[in-house]
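Lettered A, B, C and D in written order, each chain numbered from 1.
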Amino acid sequence: MGLESPFIPYLATLKTATQLTPDIKLLSVELEDPDIRASFDYKPGQFALLSAFGEGEAPFGIVSLPLLRDGLEFAVRRIGTVTRALHELEPGDTLGVRGPFGNYFPLEDYGGKNIIIIGGGIGMAPLRPVINRILERRDNYEELLIINGARTPQDLVFQPEFPTWMEAPRTRLELTVDKGDEHWEGRVALVPDVVKELAPSPDSAIAIICGPPIMIRFTLAGLRNLGFKDNQIVTTLEAKMKCGLGKCARCNIGEKYVCQDGPVFTLEQISQFLEQP
Amino acid sequence: MDMDLIQQIRDKARNLLEKGTVEGVIGYERAGDGLTSRPLFAYDPSATERLIFDETCAHNLVKYLLDKKGKKMAVVVKPCDSRAINLLLNEKQIERDKVFIIGVGCPGMVETNWNHKSETLQAKCRSCQLSKPLVYDFLAGREVERQAEEETYSDITETEAESVATRREFWLEQFGRCIRCYACRQVCPGCYCPVCFAERLEPLWVGIRIAPEENDLWHTIRAFHLAGRCIGCNECERVCPVDIPLSLLNRKLEKDVKELFAFEAGLDPEEQPPFATFKKEEMLEFGG
Amino acid sequence: MSVEYQPKVIGFLCNWCSYAGADMAGTSRMGYPQNIRIIRVPCSGRVDPLFVVKCFQRGADGVLVSGCHPGDCHYTEGNYHTRRRFTLLREFLDYLGIAKERLRVEWVSASEGRRFAELLSDFTAELARLGPRSKI
Amino acid sequence: MNLFASKDDLIRWLDSLLQEYIVIAPVRVQEQTMFQPISKVEEVIFDFDNTTLSPKGWFLPPTETLFSVQRDDGQVELVPTLVEHDAVIFGLHPCDAKGIALMDGPFLQEPGDTLYRERRSRTALVGLACRQVQPECFCTSMGSAPDDPSNVDILLTEVEDGYIVQAVTEKGKALLPKGLAEYKGKMHPPPKLQAVPTKEVISAMRELFDDPYWEQLADRCLHCNICAYVCPTCYCFDMRDYTDKGKVERVRSWESCQSPGFSLTAGGYDPRTTKGERLRQRFYHKFLYFPEQFQDVACVGCGRCVRDCPVNIDIREVISNLQQVTEAKSGS
């Protein structure tokens, strides 16, 4: 008989589920098989398919770092049938994991550069391991600017980590919301406007952005105005993915298969796609 | 081919485009097989020379008006298709002043497949009583004297006479062939829900399996959603790649709606469809 | 060894009359067959034919749709629509091979607990007589 | 060396194959011709135009269970579907055989699709050369031919009093009955087909992406899935769980780029929203993306989509229209 079917997920146990925002949970997941757990290696930007048995599978960026062997973390926004089922799981319940899939942010190549991280809403999820990896190897990089936006203060995703991020050396965390509330004393502005206001320099810089399509569109325009070249802007694409194996052709955009060729692309690469995502 | 009729369609279409009365004309042109026909969208007056009309022009072009909402379009409409205009007017899906209807007198359509044209009149045409479209702005050709057979629903009554178990077996065999290409839905002028129940995930109605039990649900509800709305163009059956006899479903409902509610879809754009109204003193035998 | 056939029934009961009627049947210990699973709906007019077809598809032997008597609808006219819709659906399902006896539409008021119990017994007996449905 | 089998030989052979294998062959179902597992040789039809659906469904079924989820006392076990039988597909035309060879590209590339690979390795293909071609056929323009033996294990060619038998692969040789005589008669030239331009257009596909042609063509498209489902090379699929009475299975089913929601994400984002963009995807996948990945166009010229499209979107006409657009562009 042949090898195990690549469609069969690894079984995993939900260790903890933490409500990060009203519709986003951080799921901490442990693979059941110790050998697989030990060999499951991944890099910031890669994703996995989570199975809620009875509903199906959906893709999520892995938001933890591989060295933290105590589990895989996923930030899951309740948005459809699979994410609803994942939200309903309780610690101890079984789920499935397939992956890791796709490419990753080439952080080694960004050594010695200023890094600007721009994330909106759940778009912060794939950026979280990037931030934590940079902080873990802080000396390898120059200035780190994080611009994190959300609709309202309670929609800001990784709030428990904000103190760590703020206190890290040569690191600046700028929060912004579209609409404040009675407790919010911070910025009320759209992410592209904050980028314009802070005007980070393109010199020896890399901008990594992720967020809703409308935010990305205006942020890109803003970065270009500041003099960022397309090869200095990196993003991770959202696409319909089903199999994760480059077979089902659902994530096919132009000549690319996002699940295999992506999801991480520079703007320069994307602009060369025949079909624009 | 009635060249006189075709010339009238072409002249009218050209005239409408040249004057800017409409943005486009939806009509028929010769298909690639040189024998049958296919829909043509003419935006340029020169394209109107490709317009034709003959006994192979079965497509119900009214469906395409749903893709062109907001644009003023002219459309070539056979008598049977005009019922779809009335249906969509009744359901407020199209605006009368946005549509210029080029009605055609119709000799009846024959059974066709790509590169094949038979002499046999389509079943729906054999019992068609309409000598001209029910609604039009311009009539090309003449009213056609019809010597139609009466619609007796004999195939339906034959099916009704079978036992319940036999019918179940029959339909599961028919639905078992379905590959869920949804051509029946895509071609239907009455199917325009923004999200079809078959694609809805929450709640999930039709399961992912392309299998008799799921296909059965699909076909039952597809037909029932068209109860009192199906205008009998029979395009669904014509396009079905695996020849499921969908008219046996649609016409069963048509027959029952006629008997129960004295209603036929698409005859009058103002008349309340059967499920939008009721009479207090009807069907009193129903229930306790 | 023969296990007595227990038909599975799904009941869609309107909140205002029939559900209260069923409740009354229960609280007054009238005793009715336990084969029914009740789904409370705001009005019998809420029952989409799709719900009924889905029940049959997933193995129900019978479906009961029950609302207020015509004229008594809490929303004035919901049950008149129910009457039209299900008159047609029963015919249609029968035509597709699901015997019309398997779909019942009944009017049961809040005070008709006994009637609810009786009609359910009657329905269950009829379904038992019809026997299990052939596969799908 | 070509062998010869009389019709009786062939029937006896098929009969013996039925003892050991699942035999999938063209049969009549109502008005359709379908490839289906047969229970007796009499069901098989030997003289047929291309079947309603291609034989791809044996390898990528319209619906299949990838694994089932079994729960026992809180413990979850995933039980994979296994391929349990050896099979023979009998009577497939060379275009359909090429379709299967093309599907090997995506399904056998690592990580291989286990079910597909198992079925593929446990199935022998017995081809039947086309003595007649239909007006919708254009296999010779797509790198195949009515007598092309390259993608089958055995190729049969009908002659006056029986069949020429070519054992193409070792697998084919092993399958043949002993004692067939050598064929010494003459070979018949295959029927001729009209040529459709392909190569020139494919090289120009990149320049045509934003051409208004696609929206114009899509005007009449109904966006049904007929073309994709009758196609021997369309292989897109969907995956979801199917539950019934407590039983949970992960199922995959055919899906098509023409469907609403094909590329719509749960978040509501869809890179293809217009009719033209959706229809364009079909042709670009066949004539640009697939060739870039697997070095061949994803069309075998079987003509099924030509035959079955309700609004006569004819892939050959699309190709020649694109050629005209290219020429007009380079001319201006």
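FYI, a residue touches a chain if its C-beta (ideal position, glycine included) is under 8 Å from a C-beta of that chain, and two chains touch if they have at least 3 such contacts.
On a predicted model such as this, the values are computed, not experimentally measured, just so you know.
Touching chain B and chain D together: A, C.
Interface comparison, C-D against B-C: more C-beta pairs in contact at B-C. Chain C and chain D, compared by their mean Cα positions, are separated by 48 Å.
Separation between the centroids of chain B and chain C, computed from CA atoms only, is 35 Å.
Chain A and chain D, compared by their mean Cα positions, are separated by 39 Å.
Note: centroid distance chain A to chain C, computed from Cα atoms, is 50 Å. Multi-chain contact residues of chain A (touching two or more other chains) are listed as 80.
Residues of chain D in contact with at least two other chains: 238-240, 244, 252. Contact between chains, using the touch rule, shows up for A-B, A-D, B-C, B-D, C-D. Only residues 1-9, 11, 51, 53-58, 79-80, 82-83, 94, 96, 212-213, 238-240, 242-243, 245-250, 252-255, 274-277 of chain A touch chain D when the two sit together in their complex.
On chain C, the positions that touch chain D within their shared complex are 58-59. Interface of chain C with chain B (complex): residues 49-50, 53-54, 57, 69-71, 77, 80-81, 83-89, 91-99, 105-108, 115, 119, 134, 136. By the touch criterion stated above, chain D contacts chain B in their complex at residues 29-32, 52-53, 62-63, 135-136, 216, 219-220, 222-226, 228-230, 238-240, 242, 244, 251-254, 256, 259-261, 275, 306-312, 314, 316-317.
Note for the complex: chain B touches chain A at residues 201-202, 204.
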